[in-house]
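Here's the structure we're looking at; comments come further down.
Letters are used for the chains, namely A, B, C and D, taken in the order the chains are written, and counting of residues starts over at 1 for each.
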């Protein structure tokens, strides 16, 4: 077993205007205070002149107390270099809410992973606009709330959902084939904290019925895309994509069947990256430090 | 070595309204006249109720003379079932023209295949709007014609190209990163006989600069698409697609470099399918019988 | 919805020495008796001179009663051409037993598919040498039997397993990361009816701890292989394989994690092919008619 | 265009026992002397406690002269941390020799890339044991030497090859489907400087006729592997692998044809990594910093 699994570590995700000495300054901060770097990857976007870094270090002998690291880092390094940064700790167990409709394949996949201990996450609540998947929630001992969403009650329904999320102290949301469009207002409460799976290779076939469109267009490959939800439909920062070959023998039902396997794997990989704090969002793109 | 390589065979590509007895009627026609079936694949589009078939048979003992097969087939089978069919012979060596601009990777790949005997094709002429690739044509002993295309002379230029194609008795055209849009008039002379490579995973990023658009959108996979050219830009029947993963580390130059490997392989596979008479176009889609 | 889903159909898997007139004879048999062909694919192995076919036809108007089709086909066609054939009906719902040990990912994936109706299969029993996964069986309402297998009791244990399989009237067995080697005697009861998932890209890394071996060898791609179990370990006919890229950053735990996603998808695809009667085993190889 | 393409940069590949402060020490060395880091990636092998790094920095304002960087780095950093390191400069244009036999696809692919300027490499000589590909060498204006290798003259032949390599001042060798086994003595002259392409997914099917073995085994995916040549056949450090799906319809000729496309792309990607100094060999494995 690696040290990463055993000891508490700190994870910093940083971006700032590029200039000389950034890596040196950050690594010296960690080294001088007896942190042991477990992971370091940096990237410079030469076009935009922006520096990005993910660094993770073992806290066992780190001389700055965990609850002071953010303050010290900002004072000593962050402000000087105009950094935007986020600090996470490996032993924090985030709370994830799952939104579903009627299809179970993504939900099953997510719950089998969280249940088997593959993921360090807590799933206190599943929210749906249909009652169909309640038995699955029950099997896994997870609270299930049905919030019926219609054209007419969208505002009230989202209010009810937000109250539930607040009550369960939710850190981030996964839309596991939820099939409803969230309002901008709702999304603004969870910026880069709502992960959706879209059943096409975006930006091809956004919106409804992508498998029908793919069949109609006669593509030879179909895909699935996981992304953070933003105000614009299916246009948020892409986290992960995958594809599978299809042929003229595949009718729409076959595309749906093949696509299900993509959807669940691509969604679960996005959740994995999110949980491991490997994702840095910049503009409308993601950097995945894996 | 298989018999297919040694003996002359006939290839029939058929589609017609679906009804009972089609396979039986076609295979009986071949069997009763002492043909030996080498390949048979059929497909029924249940939604549109259309029957498709590709059948190839050894002509060694076939009792109907090759130049009469079409007539006999149509009289005995085709008309009765309202079939649309095309007949090809394995020993026909088609003539392919290649249109290029300045980029050499697809051209090199095509010529190395035709030159090594991998493909049963003749390449009598390369046409370009730039002189850059003339030395490559010379190395392979292929005529090279520069036809400068501008906004103002498009009509005359296409006339000149069509004259060349006619003079060289060209069967089909490959646009190997040609970078010019052909007029509807030009395309109408070679229906389903012009193969283009587009450097994106269509229908995502049609038109110019797809790698820039892909980078801008932050996709995690890029692709290439070969298709028959139709009047609408980048919207013709897709023959083959392939993809490769990219990351945030890849700048536009990296996408271009990775994409080149896709482009040449995807274009060459489309040419292979075309040469082997494996493609049946129906509506705006292809069936690939491989 | 396609007709295939609605009406009862018959599926014939055939192989025999290749000769002229085979397709014609078979399709005429179906056509003359008012069967409507839904699927037909044939393949000739030119090296071994063997003909293979999968044909499926709608029985709605078929004039030979279902329980007489085998007899009639054999008398009129099969014997004449020295065919080996198997006949299946689309409305038969086979009974599948699942063998597991401690790992849950493949079991979860299988049960979520059978439970959601994606597969036409009944799962009456799960057998394990460990108690760990009993709660999952319970959640899905499936009988769970623990049969402890040790070096010393293998014969008795397999006798107990065979009795259970017999009692539950099992058609085929899936080893969902079972981690025990079945004896030749056991395997001989279920020829080409035991599907295993091996966590490597066979024939690379057979036997135990393939992820460790893959890491040691420094491969850049890992795989998973589903196959029918034969007397020789990990050497049976391969049904499906898939792969995923790895890098030097992936330690053994990462390979295990990435491999899990391959294993469950590859195993489930093999089960799908088996259930749809798309697999024809010949020698130690499979033909997949999909 | 990125700075990397324009300015001279230095590349350091380092490994040493892991300990705290390594990244800090290295980046401080670069920063304090006015180097601008363009690329930095590090990796710690937690099992073996080894630290690896690739770092590249712009030399425009670097205050240590290029020909002194190695000495200064070793004195100030390398010795202290027991580092093994290699230093390269981006403007060095290495000399590559290509060994071939009769097959042209890899050679064509390599020459089209070097010729188009895709690669920063010089190809002064092609060596073969057959005369077949001499015309291709001529077309590209490259010296071609035929060195006939037989069972009886292997020692003399290798002596002749080594003399040629020396005469042309060759930096590294590419075996582009050379089909001959090099002696340990020969290999020892070019440690981690001979790149081979093997036409299978190693470690499956080492040695001769892998496509025949793959067909015999009935695999559903075939592959190609590029690796550095070591004394043991097909067992050296793997640089790159890729795969493609095959079916029962593919005979051995089809596998060979599909394999060719893999071989050339996989070999060329290995050469790319080698040229960009992205490969760090440790034990029998490679780290690819791309």
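Here is the rule we go by: a contact is a pair of C-beta atoms (placed from the backbone, for glycine too) under 8 Å apart; a residue touches a chain by one contact, two chains touch by 3 or more.
Note that this is a predicted model, so its numbers are computed, not measured.
More C-beta pairs touch across one of A-C and A-B than the other; that pair is A-B. Among the other chains, the CA centroid farthest from that of subunit B is the one of A.
With centres set at the average Cα position, the gap from subunit A to subunit C is 35 Å. Spacing of subunit A relative to subunit B, judged by their CA centroids, is 42 angstrom. Listed for subunit A are residues 2, 46, 249, 251, each touching two or more other chains. By the touch criterion stated above, subunit C contacts subunit A in their complex at residues 1-2, 5, 104-105, 108-109, 112-113, 115-116, 118, 139-140, 249, 251, 253, 257, 260-261, 265, 268, 290.
On the side of subunit C, the complex with subunit B involves touching residues 2-4, 20-21, 23-24, 27-28, 30-32, 34-42, 44, 46, 245. Within the complex, the subunit B residues that touch subunit A are 43, 45-47, 52, 201-205, 217-221, 223, 237-243, 247-249, 251, 284-288.
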